[in-house]
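By written order: A, B, C and D. Residues from 1 in each chain.
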Amino acid sequence: MDHFPNLSFASDYMEGAHPAIMQRLAETNLLQSAGYGTDEFSEAARRKVRTACRAPEADVYFLVGGTQANATVIGALLKSYQGVLAPASAHINVHEAGAIELGGHRVITLPHTDGKLSAETVLAALAAYDEDETREHTVMPGMVYISQPTETGMLYSLAELQAISDVCRMYGLPLYVDGARLAYALACPENDVTLADLARLCDVFYIGGTKCGALFGEAVVIPQHGFIPHFFSIIKQHGALLAKGRICALQFDALFTDGLYDTIGRTAIEAADRIRTALREAGYREAYPSPTNQIFVLLDKEKARRIAERVELSFSENVDETHCVIRFVTSWATTGENVDRLIRVLKEE
Amino acid sequence: MDHFPNLSFASDYMEGAHPAIMQRLAETNLLQSAGYGTDEFSEAARRKVRTACRAPEADVYFLVGGTQANATVIGALLKSYQGVLAPASAHINVHEAGAIELGGHRVITLPHTDGKLSAETVLAALAAYDEDETREHTVMPGMVYISQPTETGMLYSLAELQAISDVCRMYGLPLYVDGARLAYALACPENDVTLADLARLCDVFYIGGTKCGALFGEAVVIPQHGFIPHFFSIIKQHGALLAKGRICALQFDALFTDGLYDTIGRTAIEAADRIRTALREAGYREAYPSPTNQIFVLLDKEKARRIAERVELSFSENVDETHCVIRFVTSWATTGENVDRLIRVLKEE
Amino acid sequence: MDHFPNLSFASDYMEGAHPAIMQRLAETNLLQSAGYGTDEFSEAARRKVRTACRAPEADVYFLVGGTQANATVIGALLKSYQGVLAPASAHINVHEAGAIELGGHRVITLPHTDGKLSAETVLAALAAYDEDETREHTVMPGMVYISQPTETGMLYSLAELQAISDVCRMYGLPLYVDGARLAYALACPENDVTLADLARLCDVFYIGGTKCGALFGEAVVIPQHGFIPHFFSIIKQHGALLAKGRICALQFDALFTDGLYDTIGRTAIEAADRIRTALREAGYREAYPSPTNQIFVLLDKEKARRIAERVELSFSENVDETHCVIRFVTSWATTGENVDRLIRVLKEE
Amino acid sequence: MDHFPNLSFASDYMEGAHPAIMQRLAETNLLQSAGYGTDEFSEAARRKVRTACRAPEADVYFLVGGTQANATVIGALLKSYQGVLAPASAHINVHEAGAIELGGHRVITLPHTDGKLSAETVLAALAAYDEDETREHTVMPGMVYISQPTETGMLYSLAELQAISDVCRMYGLPLYVDGARLAYALACPENDVTLADLARLCDVFYIGGTKCGALFGEAVVIPQHGFIPHFFSIIKQHGALLAKGRICALQFDALFTDGLYDTIGRTAIEAADRIRTALREAGYREAYPSPTNQIFVLLDKEKARRIAERVELSFSENVDETHCVIRFVTSWATTGENVDRLIRVLKEE
């Protein structure tokens, strides 16, 4: 069976949508509206996103998925001869099947710590480009891409983000933040980066819906109005323009009504924190000190195999002959009962 | 107001989804499944599509939208130095913002009648290429793109489609049919092309969902299993892979359960036929003899202006100083009451 | 035999280079210089081109061939979502194997007369785009491409070029002129467009070398310094940067020394004029009233066949069952003796 | 002054062409021939290249430059969703300004030793791809690119090349060898890889002309006839088709007449060997044990500065605060007298 009636911590996109979102879609279903995001539902959702980001002038676009959003934004920001600076672990480098290159651009990979770039690393890369006498024969850095949280669930602090933003602005490079799992960053007690901070420090970022309770959808936020001219056409050219644009917008309307986006994040983080506590008590070792909704555990393969027989997982990475890393992911849909069951499994194995 | 509480025949993508689809999404909403279309819901939907197409070996993929499906399929079928033959009126040539060119390919436009290519036109283009002594300096035709129905609602007959298919096979060129509004073709009394015919005569086609009752989604059918190797990666590279693939698949599951796709088409065609009859009785002239759910009326601009004050329309094209073409579109959601109201307007003006 | 010891009017790129060019290459052959056009020979050639164009601030780049120059310039001028307006007969549309599309852009073809666009046609296309309510779903016109002379040897007058330039500037679109055979335009008595006019009215143009006496090479002129930032890297990215850049530059140095480019053009035009006079006297019909170095003759196929047995030709186009068009091309290398021989053939057949 | 009348070891593309090449161009200059490499001169040159490679069936194409050849070949060999495996130091990764990405493909970089990939590294990369459960979300390796010699002048032995070829064939991946400086590899006493070996073990390779005595030009060799269908059109689409194709071909005709390509290589290697001997005697340290025409010397910056005042160099790389690497390059044009002068400088500083 492919849909797991039992215990699963495989990912945060295994269910449909948060019931409040389903409700919003159902109640508007037979109303008529114009297409392509030019409707009043979409406009209302954009207003809510702007308010949440304290960015009253922001351009907001609702795209269907993360790879699509990344390819469209990066294709819009780069000149033909430029590449995007990113940590080697970046989603655009690892798991987007060459979508950036299809658009004609290189992902210029940089060293990172747990998926995080430092301002120093970015600065060094830009300085190295400037000092390279053969730079006109190389790919020019044209923007910076990072994720909050990273692929392994880590967070940039406000100070770290500010520092990267400062370097970008000094060099005139747009900073773009991929927020596929942003709800889970925002809800972390450790987190000190707000949506308003992102709007202040980034040139473009997206607020993830697909992995944060929506059926699908990512809200691309461009804080400075008009920063990307003709972005509508660019979205269309990338095959990323939804005819019934409202279907995406309505979901973000729900996510930004009555604090749902926060609630979704908090639910997942509380579940993850309970699991983390149990893991520590049972003597497990975390592979990365992730405070968000992904927990990476380093353990011996035999034990991993036994756990995987009882819990649905989707990620396993070999570390050496006898050890591997497995991942538990919580979400808005994780129940306390299932957390209890998982903790039981972890203690028994 | 952007969502029209009143009378609208602007398009067939103004509502959400057919209630049966909303029902299917709601009832499965909290079930868990694997991502990216590898789940059992997606497999079930694929089986239903295969059955409907009498193509038991077909590869079936669910994509989000039409431009996306076209760019992905065409990018997959063409070699880097090839272009796609299409009528000049084709959606890929007119309204996709250069998505095909972004992928590196030319749309090679051919003359057409009401949006339809003839087998003779395709043959002539291929023969001209073969006879051109400078052909190695030109763009090589690599496939043929047509729509059923066309942009202006016209149908290919089975004989016409067979003839185009024969030319394509003689020359070894894939034939691809864009079925954005396929339900409305299939439901026409005039139509003699079945899904099974499409599966037999095309190399790839898509069954439209977005404009035929779904929230979004197009089912790409590749009748011959394995005809496009690595199509999954190609979809991913085009940013067209839905994380919660089941959300698209479940909608097609519903569309191909209890004949819903047929019902949707029939509802729209019956409404359109009633409007067409009223138009003729009232002495209006149709711009194209479309038998599907789009009706194009040629009339003087003053009259068009008056009608547009009372009925929401989205399409108007100038013909000369004093005349224009307006369009009425029906759909699965068109009610008999609104058809009555429209007919009243048409008779009064 | 492939190199024709006998009578040939097949094209203007059948020999090596004008002897003065060979002489310049030979006398500098063992001198050393820096690569990639950063050397003093290249700088000297740029100065001569600037002087000839009365464009003291111009950026000048030497590229190897016409398709390469077109793809590189057009790729540099267009945004990702834009296309290039061009007559349907344009080289970029007909004989460049999809090089512009490989770079991600559409060639937006316009109607023309003998390969010439009119300002009215350009204006109409731009106005139609502006008035199209769906324009954001279409390919945005981003620049204008024309050729001087056209593919069939016709000339834009200064008034015509000025009018097109005016439209382009009104709409903020760059105007680019492909001058593959520019020498033959400049040398025509009918011509009233100088290099200085091109520099004044265009944003980019290229002065053809390959078909005008060089071994190869086209001088891309950008009258306004800095108009295309990072053009060096764009050239490199297009594989269009010659390591020994001086080899191309030295040829243009020779072409713009002692009026060689004029001499080359004049030699070809005088030969073509003698042939045209003989054709009229012998009752032949010209297919286009070309005043440049290409002469297109409309005649019955049998006669064409007989001529082709005695004269090497490379172009023949069927007009109807019994008629075709053949082409005679003169060049800097055409001798008076061979013109006499051709005239004899034309009179005898 | 940019052309160095004095002592220069900056690169191997500072002069025009070997006098035998200039002679061949001069003596054929006024002969007429067909364009685009369809002429008899080109055919004769192809025959000579086939003979030299003992590859009687090989397709041979003459392209203008290395970046152009790489972009064209790689664009032809890869499917849209594939990338090219290459050492991180590869020219396509470092110094081609994103030409491969412009064509839509990723350069998948691998660890290397002095620019050389090992068969084990390639095998590990291919195995890792096969074992990656998420591989359909990643860029698929589609071919392998290496250089002989490498960027730092190192050689693959026949055994090493054979091993890489074996891995490629086991996995069905084309192997492509960039031979920009191939003459200098072939002439090395240490070298045991012949042109015939390359033809046997690679799917495509190119024999460098630009850096080996030609004005410009690289001979792309495809040992198996028809391995790349429509390569002519692909070349044209990349703007890489020379109108006067013979100008490139005649140079390779000369290079493969009377052993000129060997002579050119030997002249450079003998000069380099004399310099290497002198360096060792004078106690200098080589940064890489290159046996070809590039010598990389590690020394303190002050000494490097003093040498650079007396000898023209083009390459300098910082190693640490006080040390750097400088490069001496010899060529077919290096005279014994200048080698003596350089040795004197090295001993005096």
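Here, a residue touches a chain if its C-beta (ideal position, glycine included) is under 8 Å from a C-beta of that chain, and two chains touch if they have at least 3 such contacts.
Keep in mind that this is a model prediction, so the values were computed, not measured.
Novice: Return the chains common to the contact lists of chain A and chain B.
Specialist: Chains that touch both chain A and chain B, as defined above, are C, D.
Novice: From chain B, how many touching-chain steps at minimum until you land on chain D?
Specialist: The fewest touching-chain steps linking chain B to chain D number 1.
Novice: Count the touching C-beta pairs: is A-D or A-C ahead?
Specialist: A-D
Novice: Nearest whole angstrom, what separates the Cα centre of chain C from the Cα centre of chain D?
Specialist: A distance of 33 Å separates the two centres.
Novice: Cα centroid separation between chain A and chain D, in whole Å?
Specialist: Each chain's C-alpha centroid was found; their separation is 43 Å.
Novice: Which whole number of Å gives the spacing of the CA centres of chain A and chain C?
Specialist: That pair's centroid distance is 51 Å.
Novice: Mind pulling the residue numbers of chain B that touch at least two other chains?
Specialist: Only 80-81, 96-98, 102-104, 136-137, 233-234, 236-237 qualify.
Novice: Name, in rising order, each residue of chain C that touches chain A in their complex.
Specialist: For this pair, the touching residues of chain C are 75-76, 79-81, 103-104, 136-137, 140, 230, 232-234, 236-237.
Novice: Where on chain A is chain D touching in the complex?
Specialist: For chain A paired with chain D, touching residues are 80-83, 94-98, 101-102, 104-107, 134, 136-139.
Novice: Name, in rising order, each residue of chain C that touches chain D in their complex.
Specialist: Residue list for chain C touching chain D: 1-5, 8, 10-11, 13-17, 19, 22, 25-26, 28-35, 38-41, 43, 64-72, 96-99, 102-103, 210-211, 215-216, 233-234, 236-244, 247, 312, 314, 333.
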